[in-house]
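Written below as structure tokens is the structure these notes are about.
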Amino acid sequence: MTNSTDVADWWRTEIIDMEPGRIHLRGRPVQDLIGHTGFAQMIWLMVMGTEITGDRTALFEAALVSAVDHGPQAPSIAAARMAATCGVGLQSAMATGLNMLGDVHGGAGEQAIALYHLAHDAGPDGLQATLDAWRAQHGRFIPGFGHRFHKPVDPRAPRLLGLVDDAARAGAVSGAFAQIGRAIETQLTAERKKPVPMNIDGATAVIYAELGCPAPLARGFFGLSRSVGLLAHAWEQMGQGGRNKGPTPPQYRWTYDGP
Amino acid sequence: MTNSTDVADWWRTEIIDMEPGRIHLRGRPVQDLIGHTGFAQMIWLMVMGTEITGDRTALFEAALVSAVDHGPQAPSIAAARMAATCGVGLQSAMATGLNMLGDVHGGAGEQAIALYHLAHDAGPDGLQATLDAWRAQHGRFIPGFGHRFHKPVDPRAPRLLGLVDDAARAGAVSGAFAQIGRAIETQLTAERKKPVPMNIDGATAVIYAELGCPAPLARGFFGLSRSVGLLAHAWEQMGQGGRNKGPTPPQYRWTYDGP
Amino acid sequence: MTNSTDVADWWRTEIIDMEPGRIHLRGRPVQDLIGHTGFAQMIWLMVMGTEITGDRTALFEAALVSAVDHGPQAPSIAAARMAATCGVGLQSAMATGLNMLGDVHGGAGEQAIALYHLAHDAGPDGLQATLDAWRAQHGRFIPGFGHRFHKPVDPRAPRLLGLVDDAARAGAVSGAFAQIGRAIETQLTAERKKPVPMNIDGATAVIYAELGCPAPLARGFFGLSRSVGLLAHAWEQMGQGGRNKGPTPPQYRWTYDGP
Amino acid sequence: MTNSTDVADWWRTEIIDMEPGRIHLRGRPVQDLIGHTGFAQMIWLMVMGTEITGDRTALFEAALVSAVDHGPQAPSIAAARMAATCGVGLQSAMATGLNMLGDVHGGAGEQAIALYHLAHDAGPDGLQATLDAWRAQHGRFIPGFGHRFHKPVDPRAPRLLGLVDDAARAGAVSGAFAQIGRAIETQLTAERKKPVPMNIDGATAVIYAELGCPAPLARGFFGLSRSVGLLAHAWEQMGQGGRNKGPTPPQYRWTYDGP
């Protein structure tokens, strides 16, 4: 009924092939990748299975660079710093911060790409209908636009869009999703009669959509990017010391509002 | 007794400074970093607080590239793939894999750097005494050398060492730690009368030591590097499907050896 | 604009009230709970905010006891055992296993309760329509029934149902959800012309529904229950030793099926 | 070279034996445990492999009950509440909180048991020497005594000690470790000329030592206990709503103290 092949077949992968003394990643000998492939290119190769080059690499690096940190008030960063004071290893502190990410924290990029694709399929004349349908299904919130903190504008978004424009002019990407993102921004601003600018999730979603990433990978790439901030903050906190550091100074505690 | 300053002071950081519409990372406006700084350079800037350039960047990228994956039998990778079949988000699956890393899995690099520093301080004539002292304190195992799988040699290690040699010739690093690493390899091989080659932990430790990283950061950088493999494998597994995928095929179960 | 009250108000809870030398949990001094309240009763008090007593406590304990372990092939248990060989603390190994739980692994209980409530509202004559509507929305799979491994029957399910019957006869619960569960079992078995018995998720869901728990808490209570097995297995594995223990023996590795 | 037995042997356990339709936990059919074994007794059976009964069960339950919660300023509880606002599942939020526990947060109990055993072996006349030796090796901090918040006394500790006294009078435990704990308290108070009362870690460590638990299990049992609070708080927070809830109100942010 069973044989050893069953076991070897239990885990299957196109990513890595290995024998003693031999490691191939996506079909390439690891020693050929080392020294010839940048870290961002390696991320792309491992996750997407293809090579990324030139202006497209630059766009991908820009997206990864842009989301590394949003300070100790971001739940992910706060968790990593707290963990660093609880007597766990540096990698565990990083994992605790990474585990904060989900539908709400770090999830808007995936949703924005999904929305962009709907808008793309509907064409310019269908934008209003696309937004209406999105709201009917998902609620009032349009992912990737508006920011509760960075008013009037998140400095990262226009910079990222500018890079997409450059890459489109160079023919490296189509620019179609930058156009869609801007059209949504214009539409929302008109509707609410105040600026509703694209935020970091909306802008990185433009890049990932331009590069042809499936929507869920926006979360994965955000996770890789934010892990950099998690490491930086966990490491800094370890240097500062502190034991069992809670969210607020001890004298504040919390409000008991029970019976 | 308390005032609002206490709260603002509770979390302190040199990494990020932020106001609405303004994000400075390590003193640099984020929009100036985006598009001008590679992802590996950004990692260095965020964690170390300084800029890395030229051949030193290339070395750092090589170390990051080399440790991304060791296949579905590595506990980290296996955990991320399993998690991907349990109905959690992509980032949670990554976090589960990252949380596997500790003193044993992904911890040897930190120990190797610590050993290299001891060997560096002792000088060439003190190497045997350094190894003896290490074993007296930590046990028989010399971190960073030998591999239970890659025999005779891990293909990543000589490639990484070669890049250090290149960088040393170019004056980008001293080369002192590559020399120490090789001296340990020679010593261990002579002792055991069979090859005890430097492994990936020993080789990346050489690079991190050459670049001046504190030893614990070897774990942090390994965590960032391995997270790439975690994302790639979790994503691939999601595409393959599977529900509640355990470590071995169901028919094998396990051995009960209780009374 | 801000004052210290804002900070104290940031975290609000009905669960715990605390001053130096005083800890009240759900309005009760902790020293009065200690020694008078069993651990299962304490779980109920903390999570539900009410007291549980007598036959209802026994039912709750039965549900908690029943789900502690399903062996090293369960992804949660496997992850905890692997983590125990990677050089992390006992609590981190538990957390790694707990983090495996999600929509698929440990999530069926929540779905089963939701289904039971729909069936309850529809009444006996509406059962078929309820199942049809469920499948139309969620797919073919009816949560809480059938088991890929325990054929013909999961020994835990009938035992748990029997305890619900006892409690219903004693007037501690209504028994309505046990009836619904059995009606679904009968229906599915008739449809498929082979036994489709209630499984552990379906049976614990009956208990939680009888006790009046909101559906999502089936996941929370499953998490508490399974954590017992996670601790037992992580601790046993630490005693067995092992370093970087992967899912299968090293000689099996995995199948590379890339180009 | 390999055969299917190798695979079945890869995972070995004394905890669980399973065939289709049969689950034995620690050698007992699960259906016999359900309904006859309390949840705390089940924890003991699974982890320790033996049965716990009567007054010893009551002591164990008291220890488990005492540590469930210390409010939203405890890093574990704070992390679970934050996670609950980030769009992850209830079990992931619990895991994030559990992953906070380590050498510092939830680790003192293990250290206290180790100290008690040293003091036990040294006898009453050796107490001062034991404390001196502990400090020489571990630093000034004596685990299990003193509290930065609960002054003059943690209400849980004397209550737990009183229960140990009752159990000792009933012959269920020896009382030796309660005596040692109190002797350390007396000694520390005399040294510092102010009260240094036993805290929750010291008191639960007395119970675990009386019950014969290995020191590291103090962490494991603390993890199980605190998981109750993690579930309660994560669930409450989900009910309160909130998105991406950071540690402090947004207007406070943090202090940038870089160059």
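Per-chain numbering from 1; labels A, B, C and D assigned in written order.
What we mean here is this: a contact is a pair of C-beta atoms (placed from the backbone, for glycine too) under 8 Å apart; a residue touches a chain by one contact, two chains touch by 3 or more.
Small disclaimer: the values here were computed from a predicted structure and weren't measured.
In terms of residue-numbered contacts, B-C and A-D present the same interface, as over half of their contact pairs agree; the other options in B-D, A-C or A-D do not. The greatest centre-to-centre gap from chain A, using C-alpha centroids, is found for D.
Put simply, the C-alpha centre of chain A and that of chain D have 36 angstrom between them.
The distance from the centre of chain A to the centre of chain C, each centre being the mean of the chain's C-alpha atoms, comes to 32 Å. For the pair chain A and chain B, the distance between mean C-alpha positions equals 22 Å. Within chain D, residues 2, 4, 7, 10-16, 18, 71-73, 78, 88-89, 92, 95-96, 99, 101-103, 106-107, 149, 247-248, 252-254 each touch two or more of the remaining chains. Contact residues of chain C toward chain A in the complex are 4, 7-18, 24, 26-27, 88-89, 92, 99, 247-248, 252-259. The touching residues of chain C, when paired with chain B in their complex, are 2-4, 7, 71-76, 78-79, 82-83, 85-88, 92, 95-96, 99-107, 148-149, 243-248, 250, 253-254. Every residue of chain B that touches chain A in the complex is listed here, in rising order: 1-2, 6-7, 10-16, 18, 20-23, 25, 29-31, 33-35, 37-40, 42-43, 46-47, 58, 61-62, 64-66, 68-73, 78, 81, 89-92, 94-96, 98-99, 101-103, 106-107, 149-156, 158-160, 162-163, 216-217, 219-224, 227-229, 231-236, 238, 240, 248-249, 251-252.
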